[in-house]
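What follows is a pair of complexes built around chain A, which joins chain B in one and chain C in the other.
And then the complex of A and B:
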């Protein structure tokens, strides 16, 4: 037990459990599951949705679960990523990879702006300030009709083929599209895993655990929070960019506060502060939505009831509850 | 007594006329004092004397309303809290303050890491093996080696206090500030803690705040007595014990 990563995650046991194994190889396991995932889904578009929302929740969870701040404005980061990717393709004619980079940069930058303004507040105030700022972003993009299409959304993000080292890949084919997007999501999982296992990952959790102690130990709590928020913005920006490529359109609703609320639900459902929780939450939520909405138009009622039941009986979320069982 | 009493001429920390007001309430008024390197100095006084306020000014938890604090000849008044650890000042809190869900070892390892790596998001921290080794040394020093893999929240109260001191030592402080280190401890735990403090003082300067005068008389080189936000008396334990003003303040209060 010299591995510091393991000792953080696993305070009680010294033998190698399935859970420790899962922690050590978390990014590889995520990659393996993602690769076979579309074969388990009724149709590929759902699998792509789960990937993208799972990535969005992964980024959100860095702030919510690991840093311990509830942001109610993550739609702004997700949406900015989507819009910047779309604008890069539609108005600037950039190639797909540069557009994705623009989306990531947009997420990082927007997180920096919102972070600088909001990061000194705590608890409910942080949730309110981030929500208010994300509403500002909503109106900013809503008003910039020439760039964003305003109410109609940004249309015409048509990427039919993807050129990769001279290889022309057909992006219209759903299966190929899934694997192209999956490649980015898997890369993001590896990066997230490294961040969490890094020295800075330990600082993030220390700040969540005890802000005063972290400060007395010599950590700049405000800067740590800001940097974490910005990193989170990068992941959410990437998710947004992939969403724009996937949908070929960026609807203005992407910036709506419902998109912020959705990611809170997904993270809670899967298990906040766990590595796999966000992806599992996204899968369960979207599959449920899919099944129930075929059956009744009042699907939100049913899904909402299931969500409430989950929060009441499994407050640690699906994956969080499994971890607690596995530790025993 | 510590061996350093002889070199008491060197001043590690000095306050010049510091005061602190909260709204209209004057918590601390015009305190000037000097703390010798290598000594154990205790700050005592009855409840509401301003001990904790003074402590918080010394460790940088908040800035004084007036006056200045000087550490090793450098004005540190108003510097942000996290800078104090880097300068060589560490503190323990009056109310136990650890990272509850992290293991005992990780608590100290995080404390050590603050001097080495604060913003590295890429290298695996498992590779900073020397931090784990030093954490284990500190765990042994404060008597927590057996509990190293347990979550800090599962430790007994006395153990958590010891852990806090271990964390304070992580930043290799030249000055260690302890706020009522024995608060809420059993007599047994208190004795262990006092022994630990004397041991620690052999290699660094210690300033501690204590409510119970009796506890610190035996171990202190110098004692400051605060009362109603003022410096009431100052001197060796012997001098303080015989001081008429101090006797008056502590009279009527049952001596602890």
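And then the complex of A and C:
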């Protein structure tokens, strides 16, 4: 699962390929694309969804693509972020920026709890344990009706205007909402790019490539895994918090294991272990969903079939395949 | 706690065993497939669900429950054979995650196909007439059908044990689970063995789905819930260990049943707490070999 990695740098050649250029300026390119993106979409709500799920997949990809561990429990991280953001607004009356911070903290903390338990197992166990633990989180939030609204979801996250340095910004306007959320997503892209370019980012990939060698080189493999999982939780928590603000409600389905499966599909479709893959996967997946839903209600059948075809014939994903061409 | 007599607890224990029996059947199929093919079958819940629906269909066209007990595992097993041959076989040697991802996609397709064929809402599933009612088991009256579930599970386990321990094909399966390369060197067609093991595992899943149907009714989503719970069973029992799956399956059933007696709202969460404890104390599970999962 490791053939498509951007950050393995080729020796410098005189001609700079588009691929090398894209790697060096990856966060800026992502920012530029995100800024013009809503102009290409049929409606802004879809563009906002793509941003949020792209961010969710970006966080997931840190564990799946770069660390090489398949997690089937990321819904718990995404969902906890959304719920904590919602609870901070509905029950505690916190301002929107504090609520987003609460969401990120929730994602980090939940990732720490799940990570400490799941990191004890390795390989294929990891997928099963993370899935089971996220199912446990689902039941816990389902039961805590007073706090989460249980089956009905958490309602009443009404953020109409947001105050920014004395400016009152209308959060209801879809275009403005898009750019507010985009600001967070772009910031997340820069942070992610920085993490991957750092020595720690290299250790993450070293652990994926060869655990024994990483350990022999003196790196604490278990700690690296845990830390990466927790970082991933922060990104997913942020995505969840933005989702809560965007939807004004947190449905309990956000914690369902299908939300975990969704991000696996998006990451694989876009190209796991690549920087742009998750966002491209989210865009293709959600646009496709929008088109297919018009003529059939059985969208899940198409999703499953596409996913099977991806696994069988197209495991590098869209961006991964393009990179493989670009490197040639 | 005055109302909680010894009899009530004993009855609840039996109810837990009946529930556990379904977990056991589900988990041994999962464990058998993993132990042999190192494939985590995420579609196992979907096979279980389709098993229940095939039973529902056969009864609606005039079959009875007893013919279903034979026909459903055969149908699901054949379907499993086809899935292994066509979809999973190309993925061997491409990393342990790919078959898992593929079966996950497959479960979406299977669930949606059942929704198209039978509708999104669930159906009740009648308990066969002979097995309705309750019998006195010494501590009180216990539903006959649940007793039958425990008995049927014991029969399947015994048959599987005899097959694995006493037949030459079972010997090959056990050898293949230990070291497929040596088995291949000895001239055994391992891919054929894997095919058959996948068929057996899915057949047992279909059988479990049929047995569970009269207890809970059938809905397209019934496989998803039990899949997560069966993962708990395999983690607690030790992945790839059939003995572990039996013990852990019964234990999980009893834990669910006991917590629903004392703290009903915690029943679903309790088994995950059990898993968390096992992960901290003994990460490889009861019967798992340390380091097997690396």
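Just so it is clear, the second predicted complex is superposed on the first by the 313 of 328 C-alpha atoms of A that agree within 3 Å, B and C clash if a C-alpha of one lies under 4 Å from a C-alpha of the other, contacts with A are read in each partner's own complex, and residues count from 1 in each chain.
The definition used in the following text is that a residue touches a chain if its C-beta (ideal position, glycine included) is under 8 Å from a C-beta of that chain, and two chains touch if they have at least 3 such contacts.
The model shown is predicted, which means the values in this text are computed figures rather than measured ones.
Looking at the shared chain after the overlay, A:215 reaches chain B, while chain C stays out of its contact range. Using the contact criterion defined above for the overlaid structures, shared-chain residue A:200 touches chain B, although it does not reach chain C. By the touch criterion defined above, A:125 lies against chain C but remains apart from chain B after alignment on the C-alpha atoms of chain A. Comparing the two complexes, residues 1 of chain A contact chain B in one case and chain C in the other. By the touch criterion given at the top, residues 34, 38, 40, 87, 90-91, 94-98, 100-102, 104-113, 115-116, 224, 228-229, 231-232, 234-235, 239, 265, 268-269, 272-273, 275-276, 279-280, 283, 293-294 of chain C touch chain A in their complex. Chain A meets chain B in the complex at residues 1-5, 7-8, 11-12, 14, 194-195, 197-203, 205-206, 209-210, 212-221, 223-224, 227, 231. Residues of chain B touching chain A in their complex: 59, 80-86, 90-91, 93, 97-103, 105-106, 109-111, 113-126, 128-129, 131-132, 149-151, 167-168, 170-171.
Considering their complex, residues 1, 70, 117-118, 120-125, 127-129, 131-133, 135-136, 139-140, 143, 257-258, 261, 264-265, 268, 298, 300-301, 303-308, 310-312, 315 of chain A touch chain C.
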